[in-house]
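Next come two complexes, and both contain subunit A; in the first it sits with subunit B, in the second with subunit C.
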Partner chain A sequence: MSGAPVLSVRDLRKDYDIRGLGRRRTLKAVDGVSFDVYPGETVSIVGESGSGKSTIARCVTRLTDATSGAVTLAGTPVLDLSARALPAIYRDLQMVFQDPNSSLDPLMRVRDLLDEPLRLHTKLDKAARAAKIADLLRAVDLPEDMGARLPHQLSGGQRQRIGIARALAVDPRVIVLDEPTASLDVSIRGQIIRLLKRLQAEQGIAYVLISHDLAVVRRISDRVLVMYLGKTVEEGSAEEIFGAPAHPYTRALLSAAPKIAFGESRTRLKLEGEIPSPVDLPPGCRLAGRCPLARPECRRADPPLLPIGGTHRAACPVTVHETQRA
Partner chain B sequence: MRAAVATRRPTRVWSLRLGVLLLLALVGTGLFAMVWTPYPPGAMGVGGVYQPPSIAHPFGTDRLGADILSRTMDAATTDVGITVAVVALSLVVGSIWGSFAGFFGGWFDYVTMRLLELLNSFPSLLLAMLVISIAGPGVLKVIFVVAVLPLPDYVRLIRIEIRSKKTWQFADAARMVGRRPLGVLFAHLLPNSLRPVLSYASVNASWVAATIGALGFLGLGIEPGSAEWGSMISRGQDAVLSGKWWVSFFPGLGIFLLAAAFHLIGDGLADARTKGGRA
Partner chain C sequence: MSGAVGKPLLEVQDLSGGFVGPDGEIVPVLNGVSFVVQEGSFFAVVGESGSGKSLTALAALGVMPQGFRRTAGAIRFDGTDLLTLDEARLRNIRGSQISIVFQDARAALNPVFTVGQQIMDVCRMHQNLSHREARRKAEEMLDRVRVPEAKRRMRQYPHEFSGGMAQRALLAMALICQPRLLILDEPTTGLDVTIQADILDLIVELRAAGNMTICLITHDLGIVAESCDRVAVMRHGSVCETGDCAQVLSAPRHPYTRELIANSQLEDVA
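Right after this comes the complex of A and B.
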């Protein structure tokens, strides 16, 4: 992790206005999130559904317009680009979508799906593009004759490989992986993760992985952001987060995940109640209503991210002090 | 995954095939009539007056002794041609208009929908008669008027498909591969939204064929005197009452077959699950 970050996100916010009967209310889907991604590393954003992790992915890639904040991709201010200048950033920033069944145009053959980004983003001639398509198919371990197939003639895993190959086509610096394994069989998941790791090692691409699957996150991440209701509640290296989770929410999330490995002690931390409505949140820590460790002051002010050591930070004064003392 | 389900042979493929075959026969007749008909279609007195069908005149002759087979063939050029032109016009205009309304939404969509409601609130045949009786007959006028009437249906069908598909991930993916909004719309969303409108178009075509005939019958079609099935039926009206059925029957058969051909195609298309299974 040396040099300048390839992707840098600062104080990203996305509000949705909820119009209904009565007053207008605001849903803060993403409420001031910052992180850096360095070349060749994987930063994972984890959280339950509704935590805002997918909204971050959509705002960073400009598929949705953010309310405020800054996203810098290799020096380019992504959020300030005009609609006209926008397509150029997708040479450096690509995405692998959650559902390979709906992210591939059902009427296009595999080779046309892979040709499209090459045609629009590069100046390669037809022969060079055909050679590149063959390389891409090889890179994702698919035989070359797959090029003639239509998406519905492929299996789910093969489709996701095509989705990955399409993202790779323009040799991007950053790929956002939006739940890339969520719609795949468990047996296929491992293959896709191995493929993603291998491609990263070979080509030095940085990944932003959006996932709720902690097993996947643990296998692939260098650094992890834990999101709860639009805020980062904890961040740190994968070892720090998985080895010594500090925030009660992270602990609950980890203890809720099934574990097979021996020798790991697990003290189960259970949260009470349901995830609250993200509309018009009360002041104070967002977890306070569900947290077994909550104190009266937790309901007064929203705690900032507090340093624990190394890159590890958590937004919980109660546990951070206890961790530091230990 | 729908695609993985074994494709059961669609039961109504025969209706698609029969419809296409029938349409090809009619188009063929229309084209062939431009080159050759047994007698000159406009020529009077090539046979006796009101001859019943015979070897020399398989469809008989009319009040002026003209050969009905020749006239029916000649009329096929006009009727099939106009029907195809009308459907093509509403399909193209409706698809583009509906695409924009569904894709961009906002005020354009709003104005579109109110305009279509206005147009839909008139009974269509009545409106066509009104416009043509004011504007006067003519091939282009007929094409234009009959194409405008079903336009609301085309616009709506495309609009709703585009609206539902523009949030699909392949629309997002299209932006990531470098497409601008119009590229996303025309390269990806529109081709994937055409199936319902195409199957509607063939059903609509049978309505168009019948309407062109009806306008001709009422004397509101193309110029009076030119060979057109509707006006031929109208001219046989009196003859039918005195038992000379063949004068109106054969042009009527033409309208029926043309409408039936499109209807069968539409039925077949709506039912046929092509290999893709979706789109």
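Right after this comes the complex of A and C.
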């Protein structure tokens, strides 16, 4: 990648105070995550429930206030903006949500849903906005007469297209996609992914994709971050992550996904038990309690991301050394 | 795949029906569904939303949603047409002969009773067991589905269970009377992939140990490929292709099956 990143995230942290009976405890939902997104590329953040991937999306878009860290969008420090200055960033930074049923106002017609971002962020007059709305519907492969419909008159796939059209309306430089296909059937999922790829190729938008769907991540990502309990455990290009996963958690995650393949026996790396509570985590590697490769030293210090080669880094001294020897 | 495959255990024959519309007309949802689940097999019914796969599964338990009318066809379990049985007879079959595990385990459990109580209820209803015997059996069963600390877990309520643990508890409840047919309706949808893989491993293991017939309803062809031996592909309320799992998935004959496989693998997204 050349040039400057369009979005840069540095040491992002989000703590939640858990106040119940007794002492106050802290849940570190995101615990020091950094990444860069360059124009026109897709960076995916993968992980299971509780990994903090959606919290990252919400902090980057300021839907939730981060505890500390820095987010820079085309030179603007996003986290430092006052409430008055904040709306301006949404010309460049948009979000597509997982559930189009709850993210679209059920009382607004499609054309009004698409008109809203144009009224807020552009100075276009009524006629120009109407023309833009027609363009947007065309861009997401919907017929123009959809404009008169209400959200409940659309299918799930059509609703998600409207969600994407709304994000596209202001010609943003970055779109954060939070599980954009999680609630869709596989045939619709394919259509939406093709649409997203085409729009990226045409308009050079950068995507931050939050997903647990490894098939989707593999197909559309340039780079991938693998998260576990608020930390990045591995990062690299899509080829590096899917071709030669280094961290035991990445290996477990990839080998757990069922595949339509016959004749090749699957060697599954199994983790013990379930993801522990993210409240008051013990010191050391967060995976140590479940990891078949864990050594005593894993429980003492939290391993940093170690370089493997290229942009590939993993937070596991055990497997990184083994990969480097091979 | 292992397991002796024998005579037909569940036969769905030309099942048709739909929901009664506002003017009394029937809007068809199932259009002649037919398939046979052989005793001992691991059968999969696969399809997208609206294909009628879950409705067919519910029909096999005699629990049709309100407003559904059957217009033709039969569902035979071990030779008996389930759709002609009265509620009392069906209640005898449900849970003891045919069990079902639903998608959202925490919603399927009753929030105001302990998990142990709910598992015990199933076996006390079908078997003449004392409270103490039922408790011992339920504990054993939780242990078999690998819920750690079964004794303590018995006294907990569903909200204290994680999604994966609740799914295990539901499996324990379904299996406690050793049913001949276990229906799994999207048992791992909504769970994380590593938890999903653990649950599927457990199902395969329990089946091997218990000579059980399984009918799995799913939208995920990957799961079908890894676990099942026979498959029926459903679309628009009918079966468009059925056969040996490896054969259907590696050499599909119906264009819709081909499309479904291509879409599952996102083949055409470069």
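Criterion: the second predicted complex is superposed on the first by the 320 of 326 C-alpha atoms of A that agree within 3 Å, B and C clash if a C-alpha of one lies under 4 Å from a C-alpha of the other, contacts with A are read in each partner's own complex, and residues count from 1 in each chain.
Definition applied: a residue touches a chain if its C-beta (ideal position, glycine included) is under 8 Å from a C-beta of that chain, and two chains touch if they have at least 3 such contacts.
Not measured: the values here are computed from a predicted model.
Trainee: Once the two structures are overlaid on subunit A, check if subunit B and subunit C clash or fit side by side.
Mentor: On the shared subunit A, the partners fit.
Trainee: Just subunit B (first), just subunit C (second), both, or neither: which does A:His152 touch?
Mentor: first
Trainee: Once the structures are superposed on A, label A:Lys197 by its partner contacts, choosing first (subunit B), second (subunit C), both or neither.
Mentor: It touches subunit C, and subunit B stays clear.
Trainee: Roughly how many degrees, to the nearest 10, is the angle at subunit A when you join its Cα centre to the Cα centres of subunit B and subunit C?
Mentor: Placing subunit A at the corner, the angle measures out to 80 degrees.
Trainee: Kindly classify A:Ala257 by the partners it touches after superposition: subunit B alone (first), subunit C alone (second), both, or neither?
Mentor: After superposing on A, A:Ala257 lies in contact with subunit C but is clear of subunit B.
Trainee: Please indicate which partner A:Ala127 is in contact with in the superposed arrangement: first for subunit B, second for subunit C, both, or neither.
Mentor: neither
Trainee: Applying the document's definition of touch, where does A:Pro87 land relative to subunit B and subunit C: first, second, both, or neither?
Mentor: In the superposed model, A:Pro87 contacts subunit B only, not subunit C.
Trainee: So, does A:Ser103 touch the first partner subunit B, the second partner subunit C, both, or neither?
Mentor: In the superposition, A:Ser103 touches subunit B alone.
Trainee: Give me, in Å and rounded to a whole number, the least C-alpha distance separating subunit B from subunit C in the superposition.
Mentor: For subunit B and subunit C in the superposition, the minimum C-alpha gap reads 6 Å.
Trainee: Based on the A-chain superposition described above, do subunit B and subunit C contact any of the same residues on subunit A, and if so which?
Mentor: none
Trainee: What does subunit B use to touch subunit A in their complex?
Mentor: For subunit B paired with subunit A, touching residues are 1-3, 168-170, 172-181, 188, 191-192, 275-279.
Trainee: Where on subunit A is subunit B touching in the complex?
Mentor: Touching subunit B from subunit A are residues 61, 63, 83, 87, 90-91, 94-95, 97-99, 101-107, 116-117, 120-121, 150, 152-153, 156, 163, 166-167, 169.
Trainee: Sort out for me which residues of subunit C touch subunit A in the complex.
Mentor: 48-49, 148, 162, 164-165, 192-198, 200, 219-226, 246, 249-250, 259-266, 268-270
Trainee: Considering only the defined contacts, which subunit A positions touch subunit C in the complex?
Mentor: So the residues of subunit A in touch with subunit C come to 48-49, 185-187, 189-190, 193-194, 197, 212, 214-216, 218-220, 252-253, 256-262, 266, 268, 270-271, 273-275.
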